[in-house]
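Below is the structure I would like to discuss, written out as structure tokens.
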């Protein structure tokens, strides 16, 4: 079946990757995703202010991160929750990049904003809720930036690769897959989602695209992030995307996903512990 | 918590519905959704051709349906599956409406097309995959058409109502909720999704919006549709949205969701059996 | 696959039921399970006292129930929860049967007690947690009483029928299947489990055994029981097993599953509403 | 809530473990479970023959395993699948222990056989399907052997600890918890179950009992076992229980769970890779 549903992103469909275990290396402003060394993307859940973002950017750079993540447009369950600083947030991210040299990963939710977000971002993130937002996938497939495609909350592996195919079909095969936990009957009692590391090996059999893991959303608890991070690398993930809060920041003051952000000092320990 | 996350669509937040069990009646070109009589929306999965659509439209009208459903823009797992006839499909639906008098329910996936689709549709459908496509919700909240908001594949009741709130917050509270099955560990062995009729009563406690059920996607099998339809009405659903194929059509020739479409003669039996 | 894993309980494996839609009618002390008329099994969650049990037994008889249910041995999540009156409970059930004429359905959890419970019960119930307790299945397969086999909390249809086959293989094919809700990502927010009515039609295709539904555990809320009951019958269930509390009993005083028991007056309305 | 439902196995309920992160060390014939060094339990899924068992026992000993696992009584979905060699299997395990010095871990399913199995086993295993087989839990609570309690297929953490409490309440607190994958909507496409490593940290907060992981059943694929093994140790598991097949054995010839057994040479690599 898979041959009909997707082929551009499939290992068997690609002459360079068929029959081997190679991964496409995706270059992001000098950082390689998909190579031997796990890539670390870290930063705040949301860009809340210039000061907060620059401070965290410097801290994650110092801790050893390769790229900066941060949301300017935030997909929030309720319309009354903080929706992000929008274009102002993008400008802050641009300044953070200028100051630290870290490439920027940020989410785009609206096909009408792909061009704008693409002017600031080095990697465009498609969030879980939008994994099957097909007009958005088509639009990012037409921009010339690498795409980070998060797995949907209850997506199958085949559906996920079909979504990647939507992007690839428009000409963009610089796609990084990101496992971020699935919703199950086990979720919610002691974690936010169920981290599904079982998916990594079968993904690598089916596709040559690099796959990273989000230990922050998939656990929902800062205390669990170092464990999930090391486990992800043990399973062959090509990198991690981790939410970080300020070293001294009061967790109560954070506007978004406050429970799961780790401190820069913890990030540093994680990076040290996963070094090959 | 719910008070903070949504209030415009909540029963307790509305002076006319607080403390009672009333439902907002939504008028759709002369058809009432939310009243005593269950409303029946029926038609093809996708508009595949003028002939197929007009034929099915007449047949469902004849069988007793109140509105015509049919997809012009189809959200398909793979980019290589039939994507719909797009604007041409909308024109066919308009003709079907003209010929039968049935109001049209059709899906919109792209915020840039809300205005266009709104010129043809009497009800704009937001599909499961887009339940948390927030820019799209905002856009349909600004049009003056009733919205049919399908539940996401693994959405909680609270998340569903928060998505309705996104629409309501823009000024549009003509929202029809639609249960269409959730993905569970039980799904896929003998059905496509797990029909969750347990959600209807709690929904009615939380909101005054009408709720209908899709027995087609939630079972994925034509043989199960009559049973699921009657069960849904037994649980208090205000209506049904059902996929119908031609009385003589070869199931193999259908481009979309071929296994679940029922025949017009079956539709007629369902409508008879659920009459109060 | 199914041919190898089970055949005694499969429709295609049985000369009398192959190719038709017939159901095996199971006689329980004069009550027929599997016929046209839905059978109603009702009673307390647990036998808590002689007075409570006799009172409810009379009330459900009066309301139109066909059999009395009640637990003497209760499978409870914690060892500190009420475990049932055990043999004393069985004696109370025997008295209730004597006074009302209602056959008794009661659970057995321990293979060493099958013989004892079988002396009192007209139907031996295997609970969800024991659907794959194979030594217990073998033991009840050797007794000459009908068995009510509840579906496991996350059992597939195939696993369920394989468990029935364990019983049938020992010589007992008087097996009543009972859907009682499955645990899913949707469970727990507004219900206790997710009632899976989709399973009924495929079950009937695979097996000739009658299938009933438990609307009490599958919803966990008394308010939802009438709706789930009617929906189950709409889907072709051969009967219902419903938890009932005293008409005036204070819900707080009940030792087991207090939220889901309905009043006898409600039971009467349900029975009236489902009459063919 | 937890205080009422369980306390003997809870960290906060135990003076020696309250407020710290200590683990109870369980001695199994000279092997310590719960200490710094991860314990490795390895062996065949089922004892199929004397030769097969002795060969694998020697191989896992050689590879560095600490204990031998192997099923004499096998819980099989269908009654027509291989049910184990029963007492003959226990005798073979005893011989394997004598020849290798490895303590034996084997499953007991029937409360009537606890005493017999206890004569051969060093650790009695309670399988997933029996996590809430309460008469069995009571019975193993009364024997003086350590118990390996596997998590149920869709058990919550609280239910799991309540089941441990059933054992502890009878006087036996030598309980090893074992995560072995849960059934979710994601299971079955590329794995057998979804390995839930998120549960380990919260378990350690709630209880002082050691927790190990079964990378074989939780993935269902030999290729994934080394990854899941390392990930489990990364998450703080106190050990692993792994299914092993003969170095040269034809996978097709195996009677039980053929796809998931690893070779002894792979086991050796896993043990090397997880050494602290």
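We call the chains A, B, C and D, going by the order they appear; numbering starts again at 1 in every chain.
Just so we're on the same page, contacts are C-beta pairs under 8 Å (C-beta built on N, C-alpha and C of every residue); 3 or more make two chains touch, one makes a residue touch a chain.
Predicted, not measured: the structure shown is a model, and the values here were computed from it.
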Joint neighbours of subunit C and subunit B, given as chain labels: A, D
Recurring contact interface, reference A-C, options A-D, B-D or B-C [over half identical by residue number]: B-D
Chain whose Cα centroid lies at the greatest distance from that of subunit C: A
Separation of subunit A from subunit D, taking each centre as the mean of its C-alpha atoms, in whole Å: 35
Subunit B-subunit D separation of Cα centroids, rounded to whole Å: 48
Centroid spacing, where centroids are CA-atom means, of subunit C and subunit D in whole angstrom: 33
Shared-contact residues (touching 2 or more other chains) in subunit B: 154, 158, 183-185
Contact footprint of subunit C on subunit A as seen in their complex: 154, 183-185, 187-188
Interface residues, subunit A side, partner subunit B - complex: 4-6, 75-81, 109-112, 129-130, 132-135, 152-154, 158-159, 162, 165-166, 169, 183-185
Contacting residues of subunit B [partner subunit C, same complex]: 154, 156-158, 182, 184-186, 189-191, 194-202, 218-219, 221, 223-224, 227-228, 230-236
